[in-house]
Amino acid sequence: MKKIINDPVDFVPEMLDGLIKAHPDQLAYTEDIHAIVRADAPVEGKVALATGGGSGHLPVFLGYVGKGMLDGCAVGDVFASPSADQMLAVTQKIHGGKGVVYIYGNYGGDVMNFDMATEMADMDDIEVRTVLVKDDVASAPPEEADRRRGVAGMIFAFKTAGAKADQGGSLDEVVAIAEKTLANTRTMGVALSPCTVPQAGKPTFTIGDDEMEIGMGIHGEPGMKREKLQTADEISERMTEAILADLQPNAGDRIAVMVNGLGATPPEELYVMFRKVHDIFTRKELTVYRAYVGEYATSMEMAGASFTFMKVDDELAALLDHPAHTPFFTQV
Amino acid sequence: MKKIINDPVDFVPEMLDGLIKAHPDQLAYTEDIHAIVRADAPVEGKVALATGGGSGHLPVFLGYVGKGMLDGCAVGDVFASPSADQMLAVTQKIHGGKGVVYIYGNYGGDVMNFDMATEMADMDDIEVRTVLVKDDVASAPPEEADRRRGVAGMIFAFKTAGAKADQGGSLDEVVAIAEKTLANTRTMGVALSPCTVPQAGKPTFTIGDDEMEIGMGIHGEPGMKREKLQTADEISERMTEAILADLQPNAGDRIAVMVNGLGATPPEELYVMFRKVHDIFTRKELTVYRAYVGEYATSMEMAGASFTFMKVDDELAALLDHPAHTPFFTQV
Amino acid sequence: MATAITVEEVAEAMGRVSALLQTQKDYLTSLDQAMGDGDMGITLGKIGQALETYIQQEATADIGKFLAGAGMAANKAAPSTMGTLLATALMRAGKVVKGKTELSSEDLAEIFQAADVGIQERGKAKPGDKTVVDAIHPAAEAFAAALAAGASAGEAAAKALQAAETGRDEVTPLRSKIGRASWVGERTEGLVDPGCQAFVMVFKNIIE
Amino acid sequence: MATAITVEEVAEAMGRVSALLQTQKDYLTSLDQAMGDGDMGITLGKIGQALETYIQQEATADIGKFLAGAGMAANKAAPSTMGTLLATALMRAGKVVKGKTELSSEDLAEIFQAADVGIQERGKAKPGDKTVVDAIHPAAEAFAAALAAGASAGEAAAKALQAAETGRDEVTPLRSKIGRASWVGERTEGLVDPGCQAFVMVFKNIIE
């Protein structure tokens, strides 16, 4: 896949520079441009939320930094963790006196560096709590759910926990909401084409013209199974059934649905898939509480999609409905 | 490029069905699902805005139907005009007693069918006014500006004219704003890869792995020139200079900037380009009044980008800032 | 080609054209991909399908009504540039022979001219802009001229086909001046105009 | 390998490793592409670059300080899994020889063990999970055991390399149990673990 870039080494800092210049009222950074915070950080008296991880997933992560969602995030190079230093810088800058919650995906590099940052923040007397996102049902069976990787489901946690913090929730309450959200959230994806890490210069994997990879991760990690490309309805049915088998909702339940494009797949195709999800839900007497169809967590120019379902009760529903305003996510 | 679709013949109706199901509070349709209107149409006492054209450009067109922007749109098959019938159905449904403004791109099929619809609406005593979008500087030289095609610049016209109508503007005033906006708006694009019309089944054009097409249209129409792929900075510089040469702003002018992805190009690359635009503007003492970086007018899974610049005065700036709320565009 | 043509014969010719548009879909698309957006085969194929259905359902002896109805069906099926022009041509043709159950050679000439004028009015292209007008306009003129000179309808049709082909070939080296192809600029020079080619194919099929 | 090692020698070895990481970038990336996200060569290459700069700028006789500083530079340069583990290993190694300007064979064994333990604590992988631990852990053990049995540092290093290679090969047929590769499941069976391979390459380079 061809890219519009300059020297691959400059890709991430140039991208971040562009982002800050495009959203000067919303975003700012510490001394290190990899450590990005809300322009009005710290919000005194509010629990602060931070996330982080590799670049290449926009709007994840920094597209969700703003009112009603995150206070800051540290981003590394493409698909690479930011450093503990950078996470610490974000933590220090956003701390509004009520503690900081880290919500991020279950990836080794990120976990180790956030752990180091937590140890360092502790020396600054900043209370840090961690909620790991492990929503991808394709990455491990239910018995080993702790091993699952974190993908698009994190956005629902940013949204509800961010709303709770915005409403004045305590550190414990915000953490509890993030955990409750993730306990009710599951994701599964499919990829049709690879993506290229700019500095690697060639695609992460190869795939036949008539093939798809069910269960692909958002870094191009091989998925569960390589198969012949199926129709939108077949793919949608399979992913929906796989997630529902894990989530086990009851008839009458309300479920927030995210149909997420991985990069190259156009919104038109996402809506064709959403239609099928909606039909299956209707058949099973499940209600689509809110639909999010678009690009929410990507792998640069990868073609493919993921479905995320979140079972909501009145509390989560209200938090999901709370307004938010960030560079990539505005809800009124 | 692989697609997640069912029978290609059903692509557009299924996509539309998904869209309506995802946004039931915002969108509705007449008897024909190709004729889409605001859920609360008609808004009595407001000038109504309509657009239309082929499918495959989401968020264009129906992503902009909603409060503060459009009242309705008719969409055809992929890259094909809707029928005069469908445009008439939209017109009848959205008419709130103060007339209807058609704002759409300068394409033969669309023009002929909107003209037919206008003739039919006239028989219903609905006053219809037409503003053609001709913003693509690559499609004809300034002397033949009337021949230019309409691309992403139409979104600025939807925004400002929609705001004017939302504020109670008269038919003449809304038309005047649309025309003023477009008189101050120019676009230019570049494509790196083709897209495939589902029913055609193969890419609209072929392009070498190290080539780009400067001036490509959003339907895969060949552009001005096939060249070796350049860096993000070089491409950005060229497109910026070409547009500015046509727009001829003065030092100190405020310009709204849209860096638009055509489909497969990730937001990361768009921000790398925006950074360069911002730098050039700073050098030339131009101010970025507002930045829109993302996918605003696409060609399905085409890789590439377009820049749209709109020179604003106080009036246009205020209309651009007016809130809007549609399925793909929310501004607070 | 008989001198007095009934609605059955019109329907039969339309049926043949419908089949042709569907079988030549990919070829027409490939022409439009070279200098347009690659949808002409798809849209004309759809119109072929719609006309096929229309022929089967419509039962009227009024050739004018039959043609106008076909035009409306065509516009609904695929309102692209060529689709809309074809629809316009059919509607205009229907208008001039409204109420007739048989067509004379002179009626054919009128139909031809109405289609030609309708296309020019709707699309605003002039001869030489390199559009379908450059095939249909000389063809309509040649048909009328041949009839006036005493030729049979069949002979006139042969002359018209020749004129259409010549028209098509004359604009091939030129640059497209209107429509989507005009944006392709100099790269259209030497490429056959898809609309001209479609007209020649369809007309050849009608008169054979 | 001399028995008393100075900071210059440590820096020299680090310089060789830095060069190796940069030249083997593509190879390491290809290993990670097969069962991970394909960034290991990039990140280790960056660390190589950062260490090269670090060596040139840092002037201290304290080997402990020198190693810990290298760890911090490495973490900043590329905090991926392998990068962070390498950084952790360097920091822990620095800690156990803090203040020393010369290293004995016993110091080397301590460094080795501190790196091994540090990696296990930070990454929480156990032997058999198919990670770099399966190369470094047996190597550290073999090095200490050989020294205890009276071998020279050079002989112990050779044994350690052998143990690392064996460890790497023993887990190759297994399925990855932790980290990104664990999500690839059975398809990792038979593929060499990139972390193990990187360790073997680096260690071989150090002792040669």
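Which chain is which? They are A, B, C and D, in the order written, and residues in each are numbered from 1.
The rule we apply is simple: a contact is a pair of C-beta atoms (placed from the backbone, for glycine too) under 8 Å apart; a residue touches a chain by one contact, two chains touch by 3 or more.
Computed from a predicted model, the values in this text were never measured in an experiment.
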Chain centre separation (chain C, chain D; CA means) in Å: 76
Between chain B and chain C, centroid-to-centroid distance (C-alpha), Å: 32
Between chain C and chain A, distance of the C-alpha-averaged centres to the nearest whole Å: 55
Euclidean distance of C-alpha centroids - chain A vs chain B, Å: 29
Sequence positions of chain B contacting 2 or more other chains: none
Chain contact graph, described as a line, ring, star, complete graph or other shape: line
Set of all touching chain pairs, with the criterion as stated earlier: A-B, A-D, B-C
Residue numbers on chain A that touch chain B, as the complex places them: 1-6, 11, 14-19, 21-23, 55-56, 58-59, 63, 190, 192-193, 209-210, 212, 229, 231-233, 235, 263-275, 278, 288, 291, 293-295, 298, 300-301, 303-305, 325, 328, 330-332
For the chain A and chain D complex, residues of the former touching the latter: 76-85, 107-109, 112-113, 115-116, 136, 138-140, 147, 149, 197, 199-200, 204-205, 217, 219-222, 224
Residue ranges of chain C in contact with chain B within the complex: 29, 33, 35-39, 41-43, 46, 75-76, 78-81, 83-85, 88, 122-123, 178-180, 182-185, 187
